[in-house]
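Common to both upcoming complexes is chain A, partnered first by chain B, then by chain C.
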Partner chain A sequence: MSALGGPKPAGGSTGIAPVPALVSLVIFVIIFAVMYMFGGSLGMTALIGIVIGGLLIGFGVHFVPVGGAPAAMGQAPGIATGVAMLAAGGGLAGLFGGAWAASQGTVVAVVTGAIGGGLMLAITCFFVNFIYIYGMGIPAASGKVKKDPITGDSQAEYKSQGTEGHGLPFVSFVGGVIGGILGGAGGTLIYLMLLNVYQTSLPGVMKATAAQVAPIAVSLAGMFAIGMFLVIAVLAAYNITGTIEGPHDPKFKRFPRALVASAVASALCGVAAILLVMV
Partner chain B sequence: MSVKIEVIEGGIPHQKILIAGLVLAVIGLYLSYLNVLLGTQMFAFFGGLAAIAALVWGSHSIKILASYGIGTGVPSAGMIAFGSGVIAFLFATKFGVLAPIVAIILAAIIGAILGYLANEVLSMHIPVMIKSLTEMAVVGALTLMGFSAMISGSFTFSALTSTPTSVIGKLLAMFLGSPNAATTSFSLYIGGALIATVFLLGAIAIQHGFNACLGPGWKQDRMLMLTAECGFLSMIVAAVMSAALINPAAAILSFIIGLVGWYYTYMKYIELSKRDAASWLDAKPIPEVVEGH
Partner chain C sequence: MVDIVFSIGITALAGALATVAGAAEDVESDIGSQGDPNSQVQLAPQMGYIHRIYNKAIAGEPPAWGLWIALGAGIAWAFMVMQLNPILAIVLGAGLATFVQGVYSTTAYLGRTASLSKFGQPVYIDIIKSMTTVTMAHAFVAIFATVTICYLMNAALGHPFPLPLLGLVWGIALGAAGSATGNPYYGKERQYQTQNFGAGVPISASGNIVRYAEAGERNSLDNGFFTAKLGGPASGVCFGLIVFLELWRTVLFENVGAGWGAIIVGVIIILIFTVMDRFIEVWARKNYGPYTKPTEETSS
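For the complex of A and B:
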């Protein structure tokens, strides 16, 4: 969180201008055309999976209550760090969890990844609130809504003057867990798609047996998945300009344009990752 | 949003740092390629120096971008730089001797598209966004390539995946369950994910300089010196890891160069910090209590 950033207008514009939307669509179509020319059906399936994973990550980031530096001082609700750190903590925990289950099939692995990510952020949110309430002595209160959309508890009485709220209200906690589930599932899906491509293609490229290339396939797929995960998470963080309270925050309505950006970014990175073994 | 808060007062203009960083990084990478041409591994340390040149340039790019108040924190800039850089780098390793050039071109394309997405689709409207993300993706790719060349002796895909891995002459059996595990070995660099360590060593080094020096007292030379210091610190760690992949003499040479460079830049950084500080109290270790009065 840059300490120099000025106050941002709440909500802001939520739409996408027509020209960038069109340009994004053109880039997206070109990437898929390239994939179709070089990658065949294996590459196309993998790229579609990667784009779905990218969409899950980009959407998931909007749920996570990112507080940034103001939250560290108890002046804004959310977890007191930046999106890049939370994505790396929650999403990658899910990715690693899912990667362990990769041999059990796509569905089991993706669900495992989702549980890993959700669990990681649930633990994070719990200890954030534990430290806020018992360590810093401040109650959890949202500054963006009058009543918690889930529990219906009123917020204004608990909010200190001069702050935007503090702590993690219940809705933010739930948002964090949902964000972790989506991020973990998306990251795992990208990993599985790439792993499948590498395990199929690498033995031919490197002229070795499947068992010999297994560590290289796992490592390459993991590295590309981490790279893509961070790119998409940071783009989504740009969309919410750094901080968000959770799904009840007006900034949440900006997510459609993050989905467009995530789709193009994941397709772009995915095509490079797949063509590494295809061209 | 797009109000520039800090301006660069004096110092070297960004264009010069950009050109110097790019040229030095490419020269360093090609000097490390002498390993392949001369059949030795002693030139591996040039890869580390190339990475440091790229890091210093990248740190200044981050300063330019972050001074617009992107709101997501400086570390996120390092993460997106290496996230996009690692994809360009791994793809480019296929191209053998042309790898650095392909990495630069591919990283620039990926960075430019990401910058366009951030600026237009996500409505950031920051004037330097596209240029900065392009530069940072290139820096990420060159840094990874530099450290990779330093650790495994070369930056080609075959070297990164198939250099035999040994620890003090003992070949590591890497493939559990594989019938010929004892006779065949693939490099730990990608197969053992040493690249993941290098990824974060670089990502931390690129963002720490500005993250630690930002504020009203920001001075260009101090920030760049700190980045170089972080780079040499990463180089020391990379040199230790390289002992598993290249011959011990080359690894020790890299280690010594990293250590000397780190000591020099660290002392220089302390000197510059003393220059810029309002006052300086040299806190001694806990003083010995004198018995009696």
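For the complex of A and C:
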């Protein structure tokens, strides 16, 4: 039985329930059919890019080690803040860099966004360990694995009494950086796809030159990219339910469910953002 | 060459402002128990520990700061469109956003504390009067500094995002960096000062926060005084480095190798932080030692 009193979903806590997956698939197909009818090849290409961006964000959030309130008391490993908010902090910092590099081509911009997100979380994760070690005298220890999967360091004996662990073991640090990279890349990809659509369509819609609509196109694409990032990050956070240590945490195996939800949510948001200027 | 020197100067100024913003943000959050440690301030009366700690949390730090900075940036941008001097416009924008923060803080404290009346927790009017203004002062510093960074990015460095959008992006990043770095220091090291140093707070001790100071009952100004010594500056350096290094690698290397120069430098910086993190992790394991003898049992 679940906490709400209903039956346990088929496939266990990490599996994908067939009925919601089927409903998701139907919604997904309908969204793409609508886009094919009204958006043409420009809209379809953009929507595919947005869905890929959404998948990158949804997957990336699962890598970010988040300990929430228990981490703030040294009761659990991870970063002491919310899943969605931390992922958004890293991903949006990546989007900032990616948007800056938009004129240098899609590949360079997406990679720049990815590195921007990774950089933000690398610095943040370093300072988490810095404050634990030099401010509080507490070494990093995982509560979910016996040994760090990357370094092989034993963990159990470094957990202080009555806690689930604390700080960021090396695997969690690496997970944070990977999460930032994926989030930054996904956010930037969504931004670039929308920017392309708006720069192409807005001059006709507003009967203005490309130079005149450029600030509106950038602002609209930026706002929708940030909005979609938050939608997908919150969805992934619900999938994680509270805290996660990183890729070694058993909760990480739940990511396929989040990918299904992220694909549908990003397609739904994407179709609204694209058809805004195409219908 | 002149452009590069100018851009490096702007980058350095933005990094310095970000350091101030990060420190002010964390101290504001610690005085107001805005971050995750608010759970303990809220829990304490339910466990029978009545206290005089300020608790103004309703949203997490990142969305709250995203709101305030975007608000400050939006108002400043509106004033600039009306041809007002940018510095004056940013001051006015930050000032008005600070008043919103003050209203938010007051209603949050009243709402959260009133909900604890069944556990005997009083609403202290003197706490509202003395703490709210102090958090507003810190908030003004953080909002002004961050909106100025966003203005520099847009006007001087030519970032395409408009000012309010930059405010939202960097407000959320500010809250994320400040809460990640500063929360453990306030939550563990200050609220649970009576617990063992060098160990996490046992889950069984949850809610038993320190309520008495050297003289009389502890209040949140004491907490701000304490966290301003390490948690605040560390948060400031964290956010300062994020802003500085992100701008620095772009300004200096974006034209190298058709954009790949900035990417390679970014990867190198990430690797440097990874090595530093591993170094301090190993240092802590060697110097602090294990709490118990190694066992063969699985920990989970």
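By our rule, the second predicted complex is superposed on the first by the 267 of 279 C-alpha atoms of A that agree within 3 Å, B and C clash if a C-alpha of one lies under 4 Å from a C-alpha of the other, contacts with A are read in each partner's own complex, and residues count from 1 in each chain.
Basically, a contact is a pair of C-beta atoms (placed from the backbone, for glycine too) under 8 Å apart; a residue touches a chain by one contact, two chains touch by 3 or more.
Just so it is clear, the structure is predicted and the values come from calculations on it, not from any experiment.
Peer 1: Taking chain A as the common reference, can chain B and chain C both be placed on it without clashing, or not? Answer clash or fit.
Peer 2: With chain A aligned, chain B runs into chain C, so clash.
Peer 1: Tell me the contact category for A:Ala21 with respect to chain B and chain C: first, second, both or neither.
Peer 2: It touches chain B, and chain C stays clear.
Peer 1: Considering only the touch criterion stated at the top, classify A:Ser219 as touching first (chain B), second (chain C), both, or neither.
Peer 2: Both: A:Ser219 reaches chain B and chain C.
Peer 1: One more residue to check, A:Pro256. First (chain B), second (chain C), both or neither?
Peer 2: In the superposed model, A:Pro256 contacts neither chain B nor chain C.
Peer 1: Touch test for A:Phe96: chain B only (first), chain C only (second), both, or neither?
Peer 2: The second partner, chain C, only.
Peer 1: Which partner does A:Pro203 reach: the first (chain B), the second (chain C), both, or neither?
Peer 2: A:Pro203: touches no partner chain.
Peer 1: Which holds for A:Thr124: it touches chain B only (first), chain C only (second), both, or neither?
Peer 2: In the superposition, A:Thr124 touches chain C alone.
Peer 1: I'd like to know which partner A:Gly162 touches here: chain B for first, chain C for second, both or neither.
Peer 2: Only chain C is touched by A:Gly162; chain B is not.
Peer 1: Between chain C and chain B, which one touches more residues of chain A when both complexes sit on the common chain A?
Peer 2: Touching more of chain A: C.
Peer 1: After superposition on the shared chain, which partner residues are touched by A:Pro149: those of chain B (first), chain C (second), both, or neither?
Peer 2: Touch status of A:Pro149: no partner.
Peer 1: After superposing the two complexes, find the one stretch in chain C that runs into chain B, choosing from 19-27, 109-117 or 145-153.
Peer 2: Comparing the options 19-27, 109-117 or 145-153, the clashing one for chain C against chain B is 109-117.
Peer 1: Shared contact residues on chain A, chain B side and chain C side combined as an intersection?
Peer 2: Residues common to the chain A contacts of chain C and of chain B are 68-69, 82, 85, 88, 215, 219, 222-223, 226, listed in rising order.
Peer 1: Across the complex, what residues on chain A touch chain C?
Peer 2: Touch residues, chain A against chain C: 68-75, 79-82, 85-86, 88-90, 92-93, 95-97, 99-102, 104-105, 108-109, 111-112, 115-116, 118-120, 122-140, 142-146, 151, 153-170, 173-174, 177, 215, 218-219, 222-223, 226, 250.
Peer 1: Give the list of chain B residues in touch with chain A in this complex.
Peer 2: Interface residues on the chain B side: 1, 3, 5-6, 66-67, 69-77, 79-80, 82-88, 90-91, 94, 106, 110, 113-114, 116-118, 120-124, 161-162, 174-175, 177-180, 184, 186, 190-193, 195-196, 199, 214-215.
Peer 1: Residue numbers of chain A touching chain B in their complex, please.
Peer 2: Contacts found on chain A: 1-6, 8, 12-13, 16-17, 19-21, 23-24, 27, 68-69, 82-85, 88, 206, 208-209, 211-216, 219-220, 222-224, 226-231, 233-235, 237-239, 241-243, 257-258, 260-261, 264-265, 268-269, 272-273, 275-276, 279.
Peer 1: Can you name the residues of chain C that touch chain A in the complex?
Peer 2: Against chain A, chain C makes touches at 35-37, 39-40, 60-63, 159-162, 165-166, 168-170, 172-173, 175-177, 179-189, 191-192, 196-206, 230-231, 234-235, 237-238, 241-242, 245-246, 249-250, 254, 258-260, 262-263, 266-267, 269-270, 273-274, 276-278, 280-281, 283-285, 288, 290-295, 297-300.
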